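Chain nomenclature is as follows: A, B, C and D, assigned in order of appearance, with residue numbering initiated at 1 for each chain independently.
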Amino acid sequence: MRRLILTISCPDRTGIVAAVTTFIAHHGGSVLEASQFADHVTGQFFQRIEIDAETINLDASGFGVEFGPLAAEYSLNWRLRDTEVPQKVVIMVSKQSHCLDDLLQRWRNKELECDIPLVISNHPDMRGLVEWHGIRYAEVPVTPENRQSAFDEVTHLIEEAQADVTVLARYMQIVPPEVCERYVGRIINIHHSFLPSFMGARPYHQAYERGVKIIGATCHYVTADLDAGPIIEQEVARIDHADTPVDLVRIGRDVERAALARGLRWHLEDRVLISGNRTIVFD
Amino acid sequence: MRRLILTISCPDRTGIVAAVTTFIAHHGGSVLEASQFADHVTGQFFQRIEIDAETINLDASGFGVEFGPLAAEYSLNWRLRDTEVPQKVVIMVSKQSHCLDDLLQRWRNKELECDIPLVISNHPDMRGLVEWHGIRYAEVPVTPENRQSAFDEVTHLIEEAQADVTVLARYMQIVPPEVCERYVGRIINIHHSFLPSFMGARPYHQAYERGVKIIGATCHYVTADLDAGPIIEQEVARIDHADTPVDLVRIGRDVERAALARGLRWHLEDRVLISGNRTIVFD
Amino acid sequence: MRRLILTISCPDRTGIVAAVTTFIAHHGGSVLEASQFADHVTGQFFQRIEIDAETINLDASGFGVEFGPLAAEYSLNWRLRDTEVPQKVVIMVSKQSHCLDDLLQRWRNKELECDIPLVISNHPDMRGLVEWHGIRYAEVPVTPENRQSAFDEVTHLIEEAQADVTVLARYMQIVPPEVCERYVGRIINIHHSFLPSFMGARPYHQAYERGVKIIGATCHYVTADLDAGPIIEQEVARIDHADTPVDLVRIGRDVERAALARGLRWHLEDRVLISGNRTIVFD
Amino acid sequence: MRRLILTISCPDRTGIVAAVTTFIAHHGGSVLEASQFADHVTGQFFQRIEIDAETINLDASGFGVEFGPLAAEYSLNWRLRDTEVPQKVVIMVSKQSHCLDDLLQRWRNKELECDIPLVISNHPDMRGLVEWHGIRYAEVPVTPENRQSAFDEVTHLIEEAQADVTVLARYMQIVPPEVCERYVGRIINIHHSFLPSFMGARPYHQAYERGVKIIGATCHYVTADLDAGPIIEQEVARIDHADTPVDLVRIGRDVERAALARGLRWHLEDRVLISGNRTIVFD
């Protein structure tokens, strides 16, 4: 079913919901799903509304024109998306394929509503799998010497693919700050620890050393501050004393797959709103 | 903070949210929290709104007068509750005390906002604990011969205590159908299985025999149809081959405590709406 | 690392562990991992021992000769497997691919130690995927008229592939009783409900109707008694009032994948011992 | 049922299990439950054996005499406990009672097999509850000025009570290093975060600031290095964007209760063995 998805953030104030929903009803819009959150700590208000596109007498551009005055009156930061236009996802990967595998099978099974025009990797390993799915594979090797030019090419490829969002599906290179800043809220990473525990390298080995009884993974937006961006989703799994770091890596794969798949799906359905370093997730 | 909690159910129709939120905004009401659900299967609409009682220029009775025409226009089934008036909870218990213990400690720690004027039991065992909490303890023995008069007395006690809700906290007697029907949506039971698995007696022994790997408990509204009322909450725990029925009973206690405590808290916060044999839970 | 895996079941009796471990130590065997369970309900004893194959001065056949007298003395039902010989897994599938996809990616990522010589399906849909993995794909359509001959062919294919275990990865046909009986403890099914809840058809719709708050899936050995065989593993996921049957199907896919993958891995590592209609899982 | 519980740690070596189990069988001991773990990272071996005390022809002291030579041969670090002698637990608490409440109700319901001779607090608040349970309550106020003498008194009270283990059930004072070192492996703390995340003060506020989606609690042995001792058990719970720090504190209470109750039960059943900064838990 074709839907218009309206997301809003603004300073909280009496009457916002009344104004927005009256506007939608006035134009005949039938609301399929609505969620809202008044953040009493920050004083901000957030809302997500799914409208049956068949019922409203406005298309996306007409909506903008009509909605403008109201948006101005309430200082709304808003976005409207028509689900008929699928979002474009670029996936970046290194040698470990489990997250890529998982995203591709979900996409093929229609669990993820999006187009995937491109996979970028610094290694050749995944070409066969990706091309079997009918997706373009771009190999961009990264070395200490060519980092600048490599990420220039990555950026060029992302632009060329007109990516709405880029997913680092266990991409084992650090993305340069200027790329992070260019795509604020539009690069999603899966980190293989329960952040903020075990930031940095080899988190499963750190977890083993510390003797934790539960491990996790974190799906988050990438910022220039490594492993510190807004968290979208986390998942955990129990381990025990007999699990070596190798076992943790294996168990962790399922945790990573789950957190990334959920986080990306919510992002693609416009369920994730960023508020400072926190996220509102209308799941 | 004092709040007015408005809960609504009605046939779904364009404009309901606009009408209700416009009404609240018109009377100055600041919305603290709002949740809604349009059930596309049944065509029913459900909403829960928490209003800051200090901001709205209506009290509970004034609200009713003003809200009447709108409610009639949209065929709203609605309820308004002022949190300043705590709800009254009567707890019924037999010999096993873990659920009672848990509810009493949460109540004493202010995790459950309610009054508990009375505990009814068919056994004397819990009198000391209950009275230590300053709560009246009524012992109403139930035998095959006196069931009718016993439950007449139970009903009388519930009425006398002006209970808003009665909780069967491992009360091991079957409540007569006429009592169930008298208090529709106002008796909450904790069943010691993951319903609909293992209905009836000795569910942990049934679970052991079947060799399941996860056990559960179910918090539900009581109906005349035993173990079949609308489910509010369920909780589960992993078990393994070494767990005997005795272990299942022990592990199950935590599961029962958790499901009942959450279910009751949601009920007391008007977060649970009944729709046929299903519940909407705005948690 | 190459290992010998010894699994034992027998009537419980003082001295069994001493006798078995003394035998292994006497032959120089270094024990990598050992688990045991004395079932006080049935009086049976179960043990699983992983031996470093490099340390023991017996190969699999020599072990049998030497171990024979001890096994007879203690009435041991035992099995020894050399991990150097991978087990052969045949997968059966219909149109839904998520479980197959998941098993294939785990197999390709070396999370499942086995050979997969063959996938059997009653539909042509998965041929491309399966053959891309270099695995033979046999299409055996099943109709009400040809059931007997179709399952004769299935049995023939399983025999030809020398399958150690056959996995029904959402194979939507009922396996005839004679096939179930032929492969006792060697056919694994994934059922899309938390058994024994919602046996039979369309369990997600049943779950929706009942209004449960948690759904599940069950990995079990197939017996002639449908959906009633020994349970290996179960997994669950929370749902809420807004989830339609379609959502339950989607959420359930992850639950099914997880339960099946774990159950199969444990089976392949000889961690699952059957005891009546229950399983001992040395995970 | 009266049991002897033998726990062992030693350098791993072929033949240990054979030697120990042969010794037990030789003395007629029937093994009720046995678990073992060969740590291939450290080369250490760990074992826990429950023996039916009625079947073995040795009492605890006789066992020591007979077992001595074998223990010496294999360099065993071992301990034998007779379950007929309940362990003594001293609980320390400040003003928050939820963990104390929980332990007391479990103890009263026979979920924790132990004696609780004493509760120590730096506040008077819990006296009524504790004394209602028939347990001595010692109030030892702690101020910046009297820390030395206060903890001298605490130590004196612990000695006087002949505590086998002391539980810090949300005791909000830092225990001096000399007390930690005196009771290595015998003080259990519940920390209100998913360690090593959010060490130090106000972890729920830290968790809120970081925007995590799951919170946790950690039950660990106390060492002089604050919040860094060997972890026994961890528990987690999901939170969402609407949960304020106050909500996190409330949700966290259940997480703390669960982790502490399990950790303490395992400790009391000699299921926890310490290995460096990690624990082996034979649950």
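Heads up, the rule we're going with is that contacts are C-beta pairs under 8 Å (C-beta built on N, C-alpha and C of every residue); 3 or more make two chains touch, one makes a residue touch a chain.
It should be emphasised that the depicted structure is a prediction, and the values quoted were computed from it without experimental measurement.
Visitor: If you check the contacts of chain C and chain D, which chains show up for both?
Guide: Per touch definition, common to chain C and chain D: A, B.
Visitor: If chain A and chain C share one sequence, what is the angle of the rotation that overlays their CA atoms, in steps of 5 degrees?
Guide: Here the rotation carrying chain A onto chain C measures out at 180 degrees.
Visitor: Let me spell it out: compute each chain's centre from its C-alpha atoms, then which one is farthest from chain C's centre?
Guide: Between chain C and the rest, the longest centre separation is with B.
Visitor: Can you give the whole-Å distance between the Cα centres of chain A and chain B?
Guide: Inter-chain centre distance comes to 37 Å.
Visitor: What's the distance between the Cα centroids of chain A and chain D, rounded to whole Å?
Guide: Each chain's C-alpha centroid was found; their separation is 41 Å.
Visitor: Touching at least two other chains at once: which residues of chain A meet that condition?
Guide: If we look for residues of chain A contacting two or more partner chains, we find 33, 40, 242.
Visitor: Considering only the defined contacts, which chain D positions touch chain A in the complex?
Guide: Those residues of chain D that touch chain A are 37, 39-41, 194-198, 209-214, 216, 230-234, 236, 240-242, 244, 275, 277-281.
Visitor: So in the complex, which bits of chain D are touching chain C?
Guide: Per the touch definition, chain D meets chain C at residues 14-15, 17-18, 21-22, 24-26, 28-36, 38, 40, 55.
Visitor: Which stretch or stretches of chain D touch chain B in the complex?
Guide: Chain D residues touching chain B: 33, 97-98, 101-102, 105, 108-109, 111, 132, 242, 250, 253-254, 258, 261.
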